[in-house]
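What follows is a pair of complexes built around chain A, which joins chain B in one and chain C in the other.
== the complex of A and B ==
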């Protein structure tokens, strides 16, 4: 009998003690963020979606070799040889450059290996990369494309700007 | 007690035998912490046979490593135990450094210890939260994730990722930490210490929680050793084995900490080992922060494409789930000839076949949760 009541008492006391902890936090400010309306800005080193600058890239292939999942491909730009126009000569520029985000590990090895200053391929702070189709996962860059790149729409046979990409730098900062 | 009720042993002998039934637990069951299927044969409420079925998350990283460079493999290791990826990075780097004869500078070693211990806290917090949910207490989960978020913020600040860090590299670590980071880490530890006592109030000494876990899923020490358990699952049975003490790496012998041990090997003991380990990790983190002396964090002359001499190396560390080992064979090429992973989760999972038999269906989740497996590491 005594054991029964002491059990009941201990159970009740544990509930009260637990509630005390909970109540203590009721009056503290909330730690969560109301996501779509309020967005966190990640830290400076954050590894978000990759951006690429076709203007500064010297087409050295180091990022291709550094990538663990071979998701980068690129092609050298060429100019016709002045002596013999039939022969194409390679120059230190990219013709086109693609990253397959379906395979990307977001590991920063490509950024670390890039020799140009500033880096030609780098991680942005964008954590909201969304893809509606597999085509969209492959981002392509050519001379003159914006840093965020374009994707090839197979159905409409045209390059398109990715949708749903936020400009995280514009988002109101919390830290 | 009702006088008409039969004693349990008589109940077994009645001619009225119920049909045994086969049920699948998982692979989409929310309490299996990933994609694990357990085929249960039950007789009434009693489990007569349990067959864990793994392989749903198999990505073949051991095979993949044979065609990837050594630097690339570190990225692969992140994907085994995604809840605590730092020890995974570390164990691969230790094995590869042994092959290449690299010596990590002291600051690099301290940072490795620091990150691994922070990761251990984060991983045990996840266990603490989800085990509460398994047993039916939702509140501790929210508190655990609040603190875990702070650790992930620390990791994000230094490495740029929240789960797959790729922070510990061959020859050292990716980057040095800033003074701001160190201050923030100390601030977190100060905040975290009193929280541990709250956890005890909320869950550890809660009579309902204790009643559901205290005499359930007993693993005697001998059984634990026979099945090759490691980590808190082994120590919960009272076997004092911790790689950090038994075979120190990264200078763990210089740190002052204790190995919490359980008594009976019940679910509660395993749980309690993890909660106590968080306290010890806090101690190690504080010591590591004091030890941080300026200096390089990366060994000089790490090759871009390392081609170690032909040979073999084995390294093991105490990950959050147990004794995580890597056996690496090199044939002088740019990728390992063979990489074998000794994953603690896989061994901790295997004991379920024996442990679940004879228990009630309602205890399955309590036992499964207490082994704290991560399916990414089981299947690799």
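== the complex of A and C ==
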């Protein structure tokens, strides 16, 4: 008899306790981040989309060699040799630089290998690396291009700014 | 190299408060290195730029919310939380004030009836017309109670469930807390394809939703919404409601059988077993109420609970032992009758897809939902009438707020309890469900009748 009533009491108590838990959680503020209108900024060491600064780059090819997925390509800038204008002479500047985000595995090896200070290629905090076409995956930089770079639209034969991922990189830490 | 300069202009310099704490610690300036190709000096750690608020890309949450549960430490410090509490308080106060301003609805109903009678008399129409029009109005009101309740209850359930799970629920539709979500869902359901499976028994399949939903609307006839505020003042109101509410089981079994699907059939069989079983304790648990009130009329039952014991209202739930026990049994059996979560084995998603309404789509499917929420509202009103004194005020000093506001408030409290139970408990197994009913609820509802008899004998 006592066992029966204690069982009933324990069951009822557990039920009420469970309901109190849900009631408590109901009056707590919701943890939802309303994503398109609110965005969390990731931590400092987050490896987001790569940014590149064509002004700092010395075109040393270390990032190209460091990249395990061979997604980086670059070409040296050249000037004509003053003695023999037919010969083009390499300078420590980059002519063009591309990163294929379709291949990139966000490992930070390129940034670590970069000898310039501040880094010429670095991970931003941008996690919105989303593409509508394969063209958009290949970011291209030339002298004067913004850090985010541009992509080559093969249909329209024009360089275009990437869409929808230009905010979070503004607050990133560049070493 | 003009680009970086432009970038700099567009991004205003940050105040230290807006700087990302993690970034500020290690970083030399983000924008500084762009102009000079020479290595930037280490010491020149400029503050990071504040991101510009941008309609398109939204706003960034910078130093406040690295991990959203940190909000729980001091919710009242959040402006949105305080605003929400204020809005909730304002809504309740507004409803109470509106109620006080409108007064008893039965007074307005009498006026409307007199108006119709005068109109009919002026036109020299037969006197029956008055009652016919009056009944039509009452029927329409009762019908719309069920329909509008569907809209309200589904939205509320989604909100409550979301907040119990620390989400926000519908937010965008309609603007304010997604109030138009169910309306738009209704439009969507109307536009959806209405599929009848080839294996289905066409007529029975089409008829089942109607048989499920019609008894709910009919059963609302004797429900009192306040003092003198019932569509039909039936002397056997309780019996009438229970009789009609029992008919829906047939619709559920029809739906399960006619769908031509093993899951639906199993769901229908389980539903019949469960609903028929839980009818018993549900009926027996209110026998003590009927014994105390001495009537099956819902208005009489509500009126029997008027008055106060030294400030405590003489509601049936406050009767020692008998009241709470009857209340709990009736509540549990009502939850089981509506096939809601702790007792939702007829539509168990994880085992039976969704039970008897697996093969229903579009409007037929939504009619099942309408019936479910109609039964929730019916049970809420019955709980309020039987155990919470109907339209009686909980305060002895209150003579301002009319009975229909109290009735509505109590019914909504009970409906909240339904939603609360739904989103707290996991599903019972079929054998546990039957054990609980036959070995616990039913014996205790019998015992409760005996207690009530003893109470009446020695009172």
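Some notes on this structure:
As a convention for this text, the second predicted complex is superposed on the first by the 147 of 175 C-alpha atoms of A that agree within 3 Å, B and C clash if a C-alpha of one lies under 4 Å from a C-alpha of the other, contacts with A are read in each partner's own complex, and residues count from 1 in each chain.
Keep in mind that, in the parts below, a residue touches a chain if its C-beta (ideal position, glycine included) is under 8 Å from a C-beta of that chain, and two chains touch if they have at least 3 such contacts.
Here the structure is a predicted model, which means the values were calculated and not measured.
By the touch criterion stated above, A:18 is placed in contact with chain B and with chain C alike. Touch criterion not met for A:158: it reaches neither chain B nor chain C. Once the two complexes are overlaid on the shared chain, A:79 sits clear of chain B and of chain C alike. By the document's definition of touching, neither partner reaches A:130: not chain B, not chain C.
Of the two partner chains, chain B and chain C are each touched by A:31. When the two complexes are overlaid on their common chain A, residue A:43 makes contact with chain B and with chain C alike. By the document's definition of touching, of the two partners only chain B reaches A:10; chain C does not.
Between chain B and chain C, it is C that contacts the larger number of residues in chain A. Within the superposed three-chain model, A:91 lies out of touch with both chain B and chain C [touch as defined at top]. Shared interface residues of chain A (contacting chain B in one complex, chain C in the other): 18, 21-22, 31, 43. On the side of chain A, the complex with chain B involves touching residues 7, 10-11, 14, 17-18, 20-22, 31, 42-43, 45-47, 65-66, 68-69, 105-109, 113, 123. Those residues of chain B lying in contact with chain A across their complex are 68-69, 71-73, 75-76, 78, 139, 146, 149, 153, 156-161, 164, 166, 174-175, 198, 201-202, 205-208, 304-305.
Note for the complex: chain C touches chain A at residues 1-4, 7, 11, 20, 22-23, 25-30, 32-35, 37, 39-40, 48-52, 54, 57-62, 65-66, 68-69, 71-72, 75, 78, 80-81, 160, 162-168, 171, 420-421, 423-425, 440.
Chain A makes touch with chain C in their complex at residues 8, 15, 18-19, 21-23, 25-41, 43-44, 53, 55-56, 116-118, 143-147, 164, 166-168, 170-175.
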